[in-house]
Each structure stands twice: as structure tokens, then as C-alpha cells.
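For reference, chains read A, B, C, D, E and F in written order, and residue numbers begin at 1 within each chain.
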Amino acid sequence: MSEIKEPYYETVGKEIEIFQVAADLRLPLLLKGPTGSGKSRFLEYMAFRMKRRLITILCNDETSSVDLVGRYLVKGSDTIWQDGPLTHGVREGAIVYLDEVAEARPDTLVAIHSLTDHRRILYIDRKNEEVSAHPDFLLVASFNPGYQRGFKELKPSTRQRFLSMDFPYPSPKVENKILMGETNIDEKISKRLIEYANMVRNKPELGLAETISTRLLVSCAFLIRSGLPPRLAARTSIILPLTDDPDTIASLQDSFNLIL
Amino acid sequence: MSEIKEPYYETVGKEIEIFQVAADLRLPLLLKGPTGSGKSRFLEYMAFRMKRRLITILCNDETSSVDLVGRYLVKGSDTIWQDGPLTHGVREGAIVYLDEVAEARPDTLVAIHSLTDHRRILYIDRKNEEVSAHPDFLLVASFNPGYQRGFKELKPSTRQRFLSMDFPYPSPKVENKILMGETNIDEKISKRLIEYANMVRNKPELGLAETISTRLLVSCAFLIRSGLPPRLAARTSIILPLTDDPDTIASLQDSFNLIL
Amino acid sequence: MSEIKEPYYETVGKEIEIFQVAADLRLPLLLKGPTGSGKSRFLEYMAFRMKRRLITILCNDETSSVDLVGRYLVKGSDTIWQDGPLTHGVREGAIVYLDEVAEARPDTLVAIHSLTDHRRILYIDRKNEEVSAHPDFLLVASFNPGYQRGFKELKPSTRQRFLSMDFPYPSPKVENKILMGETNIDEKISKRLIEYANMVRNKPELGLAETISTRLLVSCAFLIRSGLPPRLAARTSIILPLTDDPDTIASLQDSFNLIL
Amino acid sequence: MSEIKEPYYETVGKEIEIFQVAADLRLPLLLKGPTGSGKSRFLEYMAFRMKRRLITILCNDETSSVDLVGRYLVKGSDTIWQDGPLTHGVREGAIVYLDEVAEARPDTLVAIHSLTDHRRILYIDRKNEEVSAHPDFLLVASFNPGYQRGFKELKPSTRQRFLSMDFPYPSPKVENKILMGETNIDEKISKRLIEYANMVRNKPELGLAETISTRLLVSCAFLIRSGLPPRLAARTSIILPLTDDPDTIASLQDSFNLIL
Amino acid sequence: MSEIKEPYYETVGKEIEIFQVAADLRLPLLLKGPTGSGKSRFLEYMAFRMKRRLITILCNDETSSVDLVGRYLVKGSDTIWQDGPLTHGVREGAIVYLDEVAEARPDTLVAIHSLTDHRRILYIDRKNEEVSAHPDFLLVASFNPGYQRGFKELKPSTRQRFLSMDFPYPSPKVENKILMGETNIDEKISKRLIEYANMVRNKPELGLAETISTRLLVSCAFLIRSGLPPRLAARTSIILPLTDDPDTIASLQDSFNLIL
Amino acid sequence: MSEIKEPYYETVGKEIEIFQVAADLRLPLLLKGPTGSGKSRFLEYMAFRMKRRLITILCNDETSSVDLVGRYLVKGSDTIWQDGPLTHGVREGAIVYLDEVAEARPDTLVAIHSLTDHRRILYIDRKNEEVSAHPDFLLVASFNPGYQRGFKELKPSTRQRFLSMDFPYPSPKVENKILMGETNIDEKISKRLIEYANMVRNKPELGLAETISTRLLVSCAFLIRSGLPPRLAARTSIILPLTDDPDTIASLQDSFNLIL
């Protein structure tokens, strides 16, 4: 659910305008970008701004239509229907966020399709009920195109139903604002951390599955502010979370030691 | 369910005549064509014209005979039978549309076979009941032969039971009519968008899983009409929905910038 | 269930004699042949001639012993047994037809084995009941040896329990009789369609999964008789149902245009 | 269940002595041999001779411990235990025959192991009950080592628990006795059929998954005695049941025509 | 359950001392060795000697935590908990023997882990109950490292929780004592059988999945004492149980004929 | 559950400080290291020190969200909810330890994600209930990066949510303290055992899946103190638990014999 106090969010590009147009036109939206680049935070911010409830559903290999739409539960000798989170959002006009939608089982697309075109209805086949979406209902999904291992993709017939926005890492200036805003870290340290992050981000030869995200920098800044020596903080919050390979660990640690 | 006001539809070829003959002869029909080429819209239009209900079933990996035909539900201490959408259509004489039929599980073909030959009956084995199809019942299915990833095909013994129509993208003239008719976009912009689409459609070397559909052009026109700059509109509604590859994104954006 | 009026059937070879001997000796029979070559029609005809009920079971990847033999159903607080179609046929002396038997799950063979040897019993293990087959009970199965994709085969220990008949496409003379008898098409057109079919059947280099069956010719004749131009009729009822490859479609259409 | 009149059986080697010793020592027995070589018939004969009930369980991919040992069934509001066929046999002292045991799921071996060593007990874990085998209980299994496709094998730790007998096809003299004894066919024809069978059996270059079994010869003799011409009888009962390959069919038919 | 009279057992090495120390230290024990080398017999002997109950669980592909720990059963309108064999053993202080533990499903390890370290508790998650092991409880598992086909291995994190003992075939002298002790066979024949076994055991070039175990020799001795000619006895109890390959069968039979 | 007396623990590096900072910041923590290097023991120690309950969940292939979060159980005619161990820990403020988290099924991550970021809530979808974590709740997971066989990895989007610590084997000095502290073994023997362990740890050419852990040395010391000859103790507690390969066994035994 959406938080009550305004979430901290630094704007990166035209994301607020695009989101607003999509919401006005009631068109579904797909956010593409790497782990920890701020997609979830952006949605929390937009939900707060637009005063709508945000319902997040983290999709995985076993997420099925039933998990989204609802199911019958047996309670004693009664059988009662329980709406799933998507159905809640459709009825109440929430922003429903399908995080990592490509991971979900294919039958979830059934539920989505009729919500993403001019019909805007959710068909609950087990109840033989059609729910017309509340005017405020907005469907948002996320997708990480950089995953090398998974090879999971969205079907073109599904992707073409969504407007798309990409969500790269923020510029150094914006990232510095985020770090200082969230953790109260000293500006000099913040800039060094970002310098380090961008050096690593520009080295694809390191072979990392993903590179240093803003979230990792935030964790590192927290550890330093808690009194952990910077090098141990970086090891704990950045280097070991990124890789298990001893040589890569050594190389990342060396680079860090040169900077901080 | 079919809409009450007449759906907007621009005829492309002989599709209306063929559909009419198939309906008169009560022969099932398979629509072959890419995503967003207007198959669903055509069916909505024909259903409206012929005053029949349209029941759409989006098939997927987990669509089984039970989802189509029906199931027993336990309600308290009673067990009641619930007709599935196919059974509804068979009884009432609707047009039943199995969208992306090749995705469904093989046992759905059992339900289909006896409906597609001279018998025109639906056998509900769990109830040991045979339902003779209403004279107006018509079975339509769709299939996207261009999917490179899926390798899912219909068995010849199933395909041969359907008449087939292909559904390519419309000609520029028809596509222009559709764009302007649906979105009220300025004609000059409409023609430019179509010019762009056809340029991309004729470049198989881009390696796109699917190319620019009419649906994507309609989205783009809506975004432009909502005030988004054309290049950002194209990025949001056409380019990012089609690909994740940075080079292809850049190349598609460059081509667009030259045209609009 | 068997039809009341005599089904139209043109005899092709010795199939009636062989069927009669198998029925007299109570030996099970396997029909081998491609899609649409008339196996089902032949059985309907024989069932009518021999005044026996015909029960057809279309087998698929998920057909299991339970689907054939029967199951317990929970109705309210009672549990009642429901005979499956094979059990019905065994008790009443019907012809039970397992269409595409190689597709069924292996446990269906358990039900079949004891019915196909001198024992002629069906063992219902869930009820611990043995049903001796009615003297008129006859088991027939079909199998399409031409499928290239499926690689599904019957185990030798199962195949050797059936007498086998092959069911090729009929000779031009017989096929002409069938076309005219079923559709009242003009003889000249009928002969041209058959000429076309045999030309295509003799071109394995086209790489079709299956070739033009009698059923497809019958559909085409119907469309022509309904007023569709022959070339569009052939495209709709023969060419597009056989292939999705644009070059093969063009080649098949060209050949047709030369003939009709 | 075993038949009441004495089954026809021609002895081939020392099989009766070995079986008798195994039964006296209460050691389990594995019959190895191709389809239709008379394993089942031999067991029917021995069961008759030793006046024991024969319970046959045809194993397949889905045969599990529950199918052999038993299960709980819900009947109305009661749950009652139903012994499976193995448990029946263990209690009553029957000969239990696991036909094609290598096909069964691995958990069936749990049920078997404690029955095959000095313990001779069946442990029903769902009931937490141990059943000591009746002194007359004998476990027999069959296995076809010639299957090329299946690659299913018994684990050594299971195989070593069984004495083994091989069951090749009978000698011409014995096979002639069987054919004449079962079908009353003319001796000259019987000998020709056997001559044909042995010619085919000695041609591994034909690439047949299995070769002509005694059972197929018996079927052929029945068809000839019913009046079918010998060549059509051989095609129906021997050649088409063995192969789908047109060249092999032609070659097998030619060889037959030379002999009969 | 453990037998009442003392099981026959010939000691091979230091196995009794190691077992006793493991039991005193309450450390779990893994027996490694080929089929039929006497692991189960050793455990029966030790259980008798130490006056503890022996509970044997034969693991397989489908053995899950539920099979070991227990399950809820519905009886009429009540739901009652039934302890599994491992839980029985933990409560009562039995020796629980997981035969072929590597075959079991991975969730069984959950049940095992907390029993194998200093905690010695069994956590029954469905009941939210922790059972502290009885002081006499001892966990023993077996594993056959020679299986070439299975490739199933124990995870290092599981293996390192067990002390290990290997269980090779016994020396000729010990094996002779076993054969004569169990079957009362003539000493000369016993020695010849063992000579034969060791000749075969030293020929890895035969390509046998497993070689001649003591158990097979015991079976052979029983058959000879029952009056079967030695060569037929060896074929039935040793050679055919070991292999299906005709050349290997012939070669094993020839070698035997030279010796006996 | 955490033990009542203080667990024995020798500190290795900065692990206590890091753990304390993570707990203060309420950030989840991932322990990376090989089998038997003391991860579990460290957690027991920290739980004791911080006076929090430790709940350990050993993850495996079949660990699902339901196992962590809870499930409905049918008891007679009632359906009652039972909290899973994670839910217990979240409510009560325990340290919840997901041992070998990479083995768990992907839907477990759903439960974890919202607990690992600023929300710190557990969403129980079946109950439609959100549980805010107790301030003392701390999530810890372990992961063994050295497993060569499994290839199971955590998704980057999950890993980046955890701070990481590595847990190598202790230095000889620390390991000596541990051995003597736990087993009261003679110091000379303790040092020899550690010398042996380090020699083996530095020989990757032995091809061991894992090398000698501190846990194995502790077992060996126990066996020696129970009176088993050192060489047999090493064979039983170190060598046979590490490998099945006869040559490697011989080589490991030879090396040991040189040292002790």
C-alpha cells in the first residue's frame, strides 16, 4: 500500500509527464530498467502525487492468474470468494504494479489482456463475472531487459499492449542528490561513491550480471554513517552482493581503495 | 461480450464475404496474422453486423478443456455444474473466438473436434451430456504464424478442420483511414506515421520479433494528440515496446527523427 | 453416437471384409492412415451397417485411464461412480473407437490390454470390478504414421495386439464419386480439384506436414457451390489450412490457377 | 484371474522345473523375453497347475505404489481402505505378476523389496500395517530386454533380488504344435507361416523394433481359417502391425508371397 | 522391524567397533557399498546385539519429507495426525535406516539436518512441534557409490554430517563361512562359487553395472541344494540377473562351466 | 530455537561488528561460505548475545512460500490458519535464518522482498493480511558460492537487497582453539589435524567437491578421544565423507598416515 508521507523522489527525465499522459489516456505502462534504478520508488511517488493506492505484485515463476484475480476458499462448510490484488485494484481504481511481469506464468496474461485494450474489463471466469475497471485504475508493469540468465521475455502480443518507458541509472548530479537526501552522508564521500559506481558501470569486462545500482550506494552510505570503515562498508554492501568470484572481488576492492 | 455501438472497422479485402459464407455453411474459421493487425476488431465488427454475441477466450499454455467446457464447483455441501464460455456459446448460438488457439493445451482439441465436423456437438464428458450446437453457433480461432520463438503449431488434423483467412497489415490508404477515424489525428502526421511504419516493416534486417502494427500507430497518434512531442511519443508507444536492444532503439529513433 | 440415417460411404478396397472378419473373431483393429482419409466416416458406416453404437474417443496428451474407464464424482455428501465411455461400450457391446490412440497417456494401455486378448475383460481397479465384454464389443483404434513432428509411437507390445488396415487416399474415381455425392458439385470442377490434389500429393518436395485430403476437397467444393470464386475458395479451404510459408502458398496458388 | 479350464501350453525348455523350485524356495522370479513369446500364457498354465490364483498387473509410466498396495477412498462421509491387487495377492497367497515391471514408477520398488528377501512382508505405510506374505504367495515380474526405444532398466539392486529365466521364441517344432493346437490350421500352412517367421527373425537388417512373435502367427492363422486370402491375412495380422515404413512393408509382403 | 532370533552375521573388518563408537557419540553413520554386500544384514545384526528396534526406509525418487515425518489423514469428519517411520524412531529410540538415501527427494534432508547435529531434534512443521530425539535414537543411511547410471549424489553439506564406513564384498574366507552358514552347501561347491565370483569381480572389461554379490551366491547355492543342475542354477540366479547382453551371458556361462 | 547456555564461538574477523550494524540498521544479511565453516554456529552465538530467538529454515528444491508464511489446515469441519516459521519470526522479532536460500523455490522471494526494503512488511496473500515486522526482526540468509554442481544462483534483484559477509575457514590458530575447546583433544593431535586439513585445502588438484571443514576435524577429534585409532578415525570422519573415488581415498589416507 502507498505510504502516508511523501516518498523522496528525484526526477530523472520526462517520466512524470509520460506517466501523467498514460494515466489520462488510461493506457497501461511498462517500466524497463535494471535492478535498483528507482522504478518502485517512482511509482510510490506518483501514487502519492496522484492520491491513488499503489498495489505491488512481485511476479515469479509460480505467479498464476489465481494469485492475481482471486480464488474460492473453503471456510468450514462454506465456500467464499476472495478477490486477488488485481481485482481489488480494478474495483477501487488503484495503480496495480506487476513487478518483473515477465516472470509470471502465461495464464496471468489472460487476466491482463482485456484490461489493456479499449474494453478495460477483468473477466473472472471462475465466478463468470465481468468487472469493469474503475476510471482511476491504471496498470503498470516492470521488466528488466538486462538479465542475461533468465531468457524470459514478454510475448510481442503482450508487450505491444503497453506504452514503455526506460529507467536507466540517474546522472551523477541526480544520484548525489539522492544519496545525500536519503542518508545525510557527507557530500565528499557521496561524490566518491558515485565516481566509483560509474567507473565500475563502464567496465563490462568485469562480467557482472548487474552493476552497482543506486540502492547499493545508499546501503554503503548508511554503513559508513553507522561507523563502519568505508572499505569494509563497500565490501559488505557493494562488492560481496555483486559477485562471488575471488578475482573480481579483489579487483573491485582495489579500485575502491584507490578512491576512498 | 459484443459492444452495443457499432465498432469502427475498415474493410481490407474479401474478409466479409468469406466470413459470411463460412457462417452460412457453419464451417469453423481460422484467422492467421500478426499481432495488432485487426483480427479481434474484425470479429467485433462482424458480431455486431450479424447481431450475434461474441465470446473471446484468450488461450495460453494452461488453457485446458475444463476452462472451455466447464467444471463442477463445490458450494457449501452442494456440487454444481458451471458451464464454461465455449459451452455458453454452443448453447446460445454465439461466435466463440479462441484467440491464439495454438497456445492451448492439447485436450482442448477434444472439445473442438466434434464441433468442427458434420456432427456439431459438444460432448461434456464429466456430465456425460451431449450438447447440439445452436444453428447460429460459429467457431473462430486465431493463429500467429510469424512467432519465431514459440514453435507451437496446430496439428494438421486440427488445422484441416478450419477454413483459413490471412490478416496482413492494411494498405497505407486503409491504415490512414483507421488512424484518422480512431484518433482524429492530423492527416499529415497520420501519413508520416504510416510511411515510417512501412519503412520499418520492409527492414527484416532489424531482427524484430514483430514489426510495427496498426495498434502501435494508433497509440502513438493518441500520445501526440495528448501533447507529447512526436519523438517522445514514438519512443514511448512504438520503439521501446518493440525492442530492448540499444542499437536497434537508436536506429529506430533516428529513422523516426528523419520523418517527423 | 451413431447417426440414424445411413452415412455416405464409398468403398476403397477390402476394408469391409477385413472389418467383418475382425468383428466375427472379436479381434481389435487398428486403422492406419493420414488425416481426412475417411477413417472416421468408414467407422460410422460400418456401425450403421452392423447396427452397433459407435463411441468415439479422441485421444490426446492428457487422455488417461480415468477418462476411458470412469471416475468417482462427489455429489453433495455422496460419492458416485460414473462409467467412462470405454466402460459404456464394453458393457453394451458398442464399437469403441480410440482416435489417434498413440497420443494417449501410457496408463490407458492398461485398460486396453486385457480387452485385446482372449480374456476380453475390463478391470476397473478403483472399484475392484471386472467387466466381461459384451459379445458385440469391438475395439478400434487409429494411428497416423505420417506425423513427422510427434515421434509418438505405439509400443510393439500394444501394436501386436491389433490387426491393422491401412487407409490411403481414395483413387481418383472413388474420390470423384465422394465429392459429387457429398456436395453436388459439377463433375468437371470435381475432376479438376482431384487432378490438383493428386498433383500436390505427388510433390513431396513441397515439404508439407500433410498433403491435400479428401476432406479439404469437400470443403473447397462447398465454398465454390456457395458462390465463392474458385481461386479464393481453394486459398481459404485448401492452401492456407495446409501451410503458413509465403513461398509455398504462392506456389500452391499458382498451380491451382493453372488448373481452374 | 486364472481361467477355469486348463490353458493350452507347450513346454519350451526347463521353465517348469525352475518355476517349481522358485515357488518351493519362495524366491521371486523375473521372466525376460520379447513380446508375444508366451510369458503370460506360461504363467496362466503354471497357476492352473499349481491351483493358485494369478493376479496380473500391467505396469506403465504411471503405475505407482498406491496402485499396487491400495488407497483410502472417500465414500460419503466415511474413509475406507481398499487393498490394491498386490496386497490381495500377498494376503491370499496368489501368484502376483508384474508385467513389464521396468515401466513402473520407482516407488513401486519400495513395496516390492521387503517382499523379495527373507522378510517376505508388505509394509503398508499409509495404514502403518505390516502384512506377512501367505506361504503360497509368489512374486513374478516380466521384462523385455529387446526394447530399443525405452532405455528403461531395472536397478541392479532390484534385479539381483529376482531369479531370472529367459523366454525366447519357441523352436519350429514347438511353434507348429502351438499354431495347430490353438487354431486348427492345416499343418502345411502352419509350417509355411513358421518358415516365414524364422526367415524374418533372422534378418536384423530389416530394422524392426520387434520381430514376428508366435502371437502374430496365431492371429494370421485365425484370419486364414476365417476365409481371408493368406496374403491379405499376413498383411493385416503380421506386416502392418510390425511396421509403418512403406519399403519394409513391400519387402515383407514380397517375402511372404514367395512362401505362400 | 528387527527379527527375534539372532541374525546370521560374519564380521568383515572393524565395522562393529565403529558402529559402537558412533552410537555412543550419537553421530549419524553412512554405509557405502555395492548391492548385496551385507549392509542391511549388518544393521539387523547390530540392532539385535544392541537390543534396539530397526526401522528400514527404502528411499526412492518419490520419497518425500511427508513419507518420513508423517501426515494428516482425514478419517470421516476428523483429521488425525499419523507419525511417519522416522518420527516413530526418533520418539522411541530406534535405529532408523535410510536405505539408498541419495534417491530421496531433497526435502527429506530438511527433516534429517537438525537430527544430525548437536541439536538432535526433529521439527514437524505441519504440527509446529519439535521432537527431541530419544537418547538411543541412531540415524544410519546407505549409499551405493558404484552406480554409473544414476549420477545421483548426496550434497556435500549433507554427507559431511555423517561418519562413513565402506562395505566391500567379504574376503573369500568370510564369504565361504557365509555361504555354508546360510545354505548348508557342500564346502567344495561353496569354494568354487566364490572362486567364480572373484574371477568375474576382477574383470571390469565385462562392463557389468554391478558384479556378483554375496547375495547372488547365496541364491545359487540354494538352487543347487534344491536339486537344480549347477549350470542352470548359475544361469538362473547369477548370470541372467546380471545382464541381458547375449555375448556377456555366453561368456559368463562359459567361465562358469570351466569351474563347475 | 536458540539454546539456553552460551554457544561456544571463536571470532574470526569483523563478523560481530558487521552483524551488529546490520541489526541496528535493520538491513538483511547474507552469509557466504562453504559447508561447515561455522555460519550456523555464529548465528546461534549472535542470537544468544543479542537475546533474540533464532529460527532456522533449511531451504531446498521444494521450499515454497507456503512453507515460510503459513497455510490453512482443515481440522474436522473447521479451517484454521497456521503461521509459518517466517511469519512467527516477523511477529515476534526473531532472527530468521534462511539456510541455503538459493535452493528455495522462486515464490519464496515474494515473501522476502517486501521484508527487505524500507517497508519491512510481510504480505500474507491468502489471508489478505499485512504484518509489519517487529523492530527486532532480522532476516539472515546463507549461500554457498563454491557448489560446482548446483548452478543455482540468487537473482541479482534479490542479492542486492542483502548486505553480505564471507565466511571462510578459520586461521590455524583459531581452528586450534575451536578443536580443543569443543573436544578436549590433546593439543599436539589438534595441531596435526589442522596441518593435515590445510595441506588438503591447498590441493585443488584433488578435485574434491568440498574440502575438509572445521566440522569434520571436530568429528575426527571426537572419534580419537573415544579410542578409535587415529587413522581409522580420519578414514571414518574425514576421508570417506569427502569422496568415493578409490584413488583419492588412498591418496588422502597416505597423506594422513605421514602426519599422524
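Operating definition for what follows: a residue touches a chain if its C-beta (ideal position, glycine included) is under 8 Å from a C-beta of that chain, and two chains touch if they have at least 3 such contacts.
What you are looking at is a predicted structure, and each value in this text was computed from that prediction instead of being measured.
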Could you tell me which chains make contact with subunit E and subunit F both? none
Where subunit C and subunit E overlap in contact partners, by chain label: D
On C-alpha atoms alone, could you tell me the rotation angle mapping subunit A onto subunit F? Nearest 5 degrees is fine. 60
Can you name the chain that lies farthest from subunit A, using the mean of each chain's Cα atoms as its centre? D
Taking each chain's centre as the mean of its CA atoms, the one lying farthest from the centre of subunit C is chain F
Interface numbering overlap (same over half, different under half) for subunit C and subunit D: different
Could you give the separation in Å between the centres of subunit A and subunit D, each centre being the mean of its C-alpha atoms? 61
Centroid from C-alpha atoms only, then distance subunit A to subunit C, rounded to Å. What do you get? 53
Whole-Å gap separating subunit A and subunit B, where each centre is the average of the chain's CA atoms: 30
Find every residue in subunit E that makes contact with two or more other chains and list them. 74, 77
Please classify the inter-chain touch graph. Allowed labels: line, ring, star, complete, other. ring
What sequence of chains forms the ring when you start at subunit B and head for subunit C? B, C, D, E, F, A
Which stretch or stretches of subunit D touch subunit C in the complex? 1, 35-36, 40, 56, 58, 60-63, 67, 73-77, 82, 84-85, 100, 103, 144, 147, 149, 209-210, 213, 215-216, 219, 222-223, 226-228, 232, 236-237, 240-242, 244
Subunit F partner, complex, touching residues on subunit E are 14, 17-18, 21, 24-25, 27, 30, 32, 64, 72, 74, 77-79, 105-107, 109-110, 113-114, 125-126, 128, 130, 145, 153, 155-157, 159-166
